[in-house]
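Pasting a structure below so you can have a look.
Going in written order, the chains are labelled A, B and C, and every chain counts its residues from 1.
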Amino acid sequence: MTEILRVENLKKSYDGFLAVNGVSFAVKQGELKALIGPNGAGKSTCFNMLMGQLKPTAGEVFFDGARITGKRPREIWRMGVGRTFQITGTYQSMTVIENVQMALISHHRRLYSVLPRAWKLYREEAFEFLKTVSMQDQADRPCSILAYGDLKRLELAIALTHRPRLLLMDEPTAGMAPTARVELMQLVADIVSEQGVSVLFTEHDMDVVFAHAHHIMVLNRGELIADGSAAEVRANPQVQEVYLGGGTLFKEASHA
Amino acid sequence: MAFLFAQFLTGLANASSLFLVASGLSLIFGVTRIVNFAHGSFYMLGAFIGVTLMELLPGHVGFWGAILLTGLAVGAIGAFVEMVVLRPIYRAPELFQLVATFGVILVIQDLALMIWGAEDRLGPRAPGLRGVWRIFGEPVPKYDIVIIAITPFILFALWYLITRTRVGVLVRAATQDREMVGALGVNQAWLFTGVFALGSALAGWGGALQLPKGGADLLMDFNIIGAVFVVVVIGGMGSLPGAFIAAVLISVLNVLGVTYLPQSTLVLMFVVMAVVLIIRPYGLLGREEVAGEHGQVGAPETPIRPYGTTGQMLVIALLALLAALPLFADRFLLILMIDMVVFALFAASLHFILGSGGLVSFGHAAFFGGGAYAAALLVFHTDTPMELAFLFAPLAAGLLALGIGWFCIRLTGVYFAMLTLAFSQLVWSLAFQWREVTRGDDGLVNIWPSPWLSGTVPYYYFTLALGIGGILVLRHIIHSPFGYALRAGRDSPRQAEAMGIDVKRIQFAAFALAGVMAGLAGGIFVFSKGSVFPTELEIAASFDALIVVFLGGVKTLAGGVVGAGFMTVAEDWLTRLEYWRLVLGLVIIAVVIIAPEGIVGSLRRLWTRLRGTDEEALQ
Amino acid sequence: MLEVEGIHSFYGKAEILRGLSFRIARGEVVALLGRNGAGKSTTMKSVMQLVRPRTGRVMFQDRDLVGAPAFRVAKSGIGYVPEDRRIFTDLTVMENLEVGRQPRREGAPEWTVDQLFDIFPNLAERRTNRGKHMSGGEQQMLTIARTLMGNPMLLLLDEPSEGIAPVIVEEMAETILKLKSEGLTVVISEQNLHFARAVADRAIIIEGGEKKFDGSFAELEAHPEIRDAYLSV
């Protein structure tokens, strides 16, 4: 398998505080890879550097062999990287399908067009994307009244519109009910296997991570302390100590 | 050298008042997130109340006692305003509160006129400090030296209050998350009132302290607000030391400007501000403001839709009525209608960037007045034919918007708002001070249309075609991909950037387009009146547009147009009254409190309720 | 101590709570369980009056809180830790604690900064750090410590385990048990059943804004159909 994303010695410091300290890894084509770690370990900082929201202090990021370090989010998007956010960023004043149409308008480079009516453009195409995430029944509802889980699915549909080769998903299931989490990640896994998209995601729900990720990386205090299969990571003593814990919680549960 | 030093001291002394007023504004903004336009009014009240008290209280004790009491009195007035006007609307969209403070300005203007009359008051000299001291042989007023000595203590006291006391900790916490402060057991209502009172008191002290150097007049409120905004922007929003440094910088430059470049005094401070902001976009000691807060409070907006059949019929009927109006209306009504259409186009252009783009411009009059001046200057100086000069109005306004937008678009929220205001003041001061070209406040007169348009009826149709045409073009663009991209950038800049949209460039283009449309309105305006004066560029003109957009309703496409209609008619009626500002101010405050969704939004809600249907259930 | 009677709460037009009632006795630790969007957070906000119930009563020590401003609810002895933490990121740890400080209260454990630093040793090391430079787990600790500075009788903890590393979640459980042993009454809202079972004496399941279950964890174990229907674990 070829590498789609390669990160070399990535660093970021804020006012002397090293949030990310020399992280290197790769994501292969068609891989579903998780980045986990305690809150504040630097996961979001890492993600934001990959997608161009933050400029790294040092290090390089390559997408499909091309250097994307320090490029703007919109440039990286145009190269074929999609992203979803931890806190959803959909357009509240538009309908569900208009949110997808907006992405298509941008993909087809019609942003400065002033003559056509926007809601008539690429409607069928947008509808197909909504079908992929089973949101077609809600196409014409205002985005502002959607349930949280539906917003997450809508965001996924939006991220797929430019047929990305790599998807970056920041806590895709945060704030969702357990069953909805499993459904959403199954959907992502299907997309990975059907379309050959690679996915890198961060996640706190260990059930989701261990059930779906092909490979798992663990970040702690800005450094990568593990990178391997689910079994390898689970067995890693350092990971248990700083992140997974010794399972005392479950022992206490038995006498409660 | 000695002369320069003396000049520097004068500047330092002037900085004192400016700093007091600016720190008050900054403090109020920090906690309540309200840009208090009425801050200049509290400064003016400070001056008038100070004069009155100084006349009543004799001697040393009287003078300084009067200053002290003035601050307390203005603080009490501030607390009253906060409790009566602002407290009911903290939950309304932030920018609606601005409109309320503008209503307060109008009310205070007329109240001051009622109480103190239209004549300027000369400030009394401070007893015992009438003469000068010689420093390096140069005379420096004793009062200046005393003020220079006092100011650092005020700065220190404020700094201590904010950083070292429990009240300061609460104030800073409330700046960030007022609801959480309340949930921790702090009565934030009183915290807000207290901060507002303190901020107002500081403005009042600023007004009283400058009395021996100046006086009190009814134009003080608007005259200081531009400078105060500049100081706050240069220093960095919310930074007391920043406000102090900026106040000194501006005041010293101003004194030097008066000596060496007397024509440029007003322009100078805006140039300094532009330079500072190019180097440090958030001011000398300011920090980046969290974007996307403005206009986001309140109920989420419903997606825009084209009008249904009923709506379209209504619009067509209205247009038909307007077209048929000359058949039965008299000349005065037609002129009123011209004013209304001009104002509606102006407001619609502001509504376009404000509603769809989330860009709250406080200086939109720069483009309206700029367009009017561009056409008028061509006619006045080169006898350009009206048709050509008229075309120049939107063109010049568009170019001006490109220039101003280049600086402003990089900023967000309140910085954007303040910077647009400052630039419009720059344009105003050019028109006001560059007398050789613009004739200053004498204005440019005899700017009449070509003979084929000189009658009221032909000009009415000309206005209707271009004005309504412009509004419809804006409306169409809102529904186009470009308009959607603009809205996307407002709803979620982060998502928009992550889907390939260059948000700043889209906003820049929209800002320029709004400038063109405002310039078009200015062009129609200047040839309908036959003249143009610097008043068209004043802050008040920008505020008028803001008010109608908010009164009409930001979240409804028809908001600007309806608001403009309401405002034109209301002003036409009210200006016949002696104290029309008072009435208008009260009306504005009442609308803000009673109908916080604007006229169109409230009507729509009423309509929904009357039909007894639930929109959300239908969707 | 706390009695919620038939409250209906709305967000805009959406009715989130539909006549919810429950009681909390002094010294209890109770877990509100339910899916996301079931109404757990809204219940807490409705007690705090951050969301105002349209009908119903919230009785705390025989006084109805409905309609009172949030600060008065806090002053009456209820401490609230929101799910999104909401620490003051520009303020230092000490200043954050200062915002929460309230005079001591009859019938409630009294906390000093030093005692809190004993419970949360991480905070002691970082007392002059600003909130924004702290990890999520530390922020969660700070927000609890800040609320304890108000010497509450009743503590409302909204999703204390959400977004926190499993190892910190374990510490959190110990902390809550420690607070209970100090005599504090605690209500937590949770999606993590393991965590809830570890700390709470009783479970209340909310679904669609209504109470579906109220009883001990043993009872809940005995009715797996309830768990499957509402908790989907």
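In this text, a residue touches a chain if its C-beta (ideal position, glycine included) is under 8 Å from a C-beta of that chain, and two chains touch if they have at least 3 such contacts.
Worth saying up front: this structure is predicted, and the values here are computed from it rather than measured.
Taken as a graph of touching chains, this assembly is fully connected, with contact between every pair of chains. Innermost chain of the displayed assembly, by C-alpha centre distance to the whole-protein C-alpha centre, is B.
Computed centre separation for the pair chain A/chain C is 30 angstrom, with centres defined by C-alpha atoms. Mean C-alpha position of chain A lies 42 Å from that of chain B.
Shared interface positions of chain B, defined as residues touching 2 or more other chains, are 616. Touching of two or more other chains is recorded for residues 145 of chain A.
Counting partner chains per residue, chain C has no residue touching two or more of them.
Listed in rising order, the residues of chain B touching chain C in the complex are 166, 169-170, 172-173, 175-177, 179-189, 299, 614, 616.
The residues of chain B lying in touch with chain A in their complex are 300-304, 306, 476-477, 479-485, 487-488, 490-492, 494-495, 497-502, 506, 509, 616, 619.
By the touch rule above, chain C contacts chain B in their complex via residues 12-13, 48, 50, 69-75, 80, 82, 86, 88-91, 95-96, 98-102, 146-147, 150.
On the side of chain C, the complex with chain A involves touching residues 14, 35-37, 133-139, 162-170, 173, 191, 194-195, 197-200, 217, 231-233.
Within the complex, the chain A residues that touch chain C are 14-15, 17, 37-41, 145, 147-149, 171, 174-180, 204, 206, 241-246, 248-250, 252-253, 256.
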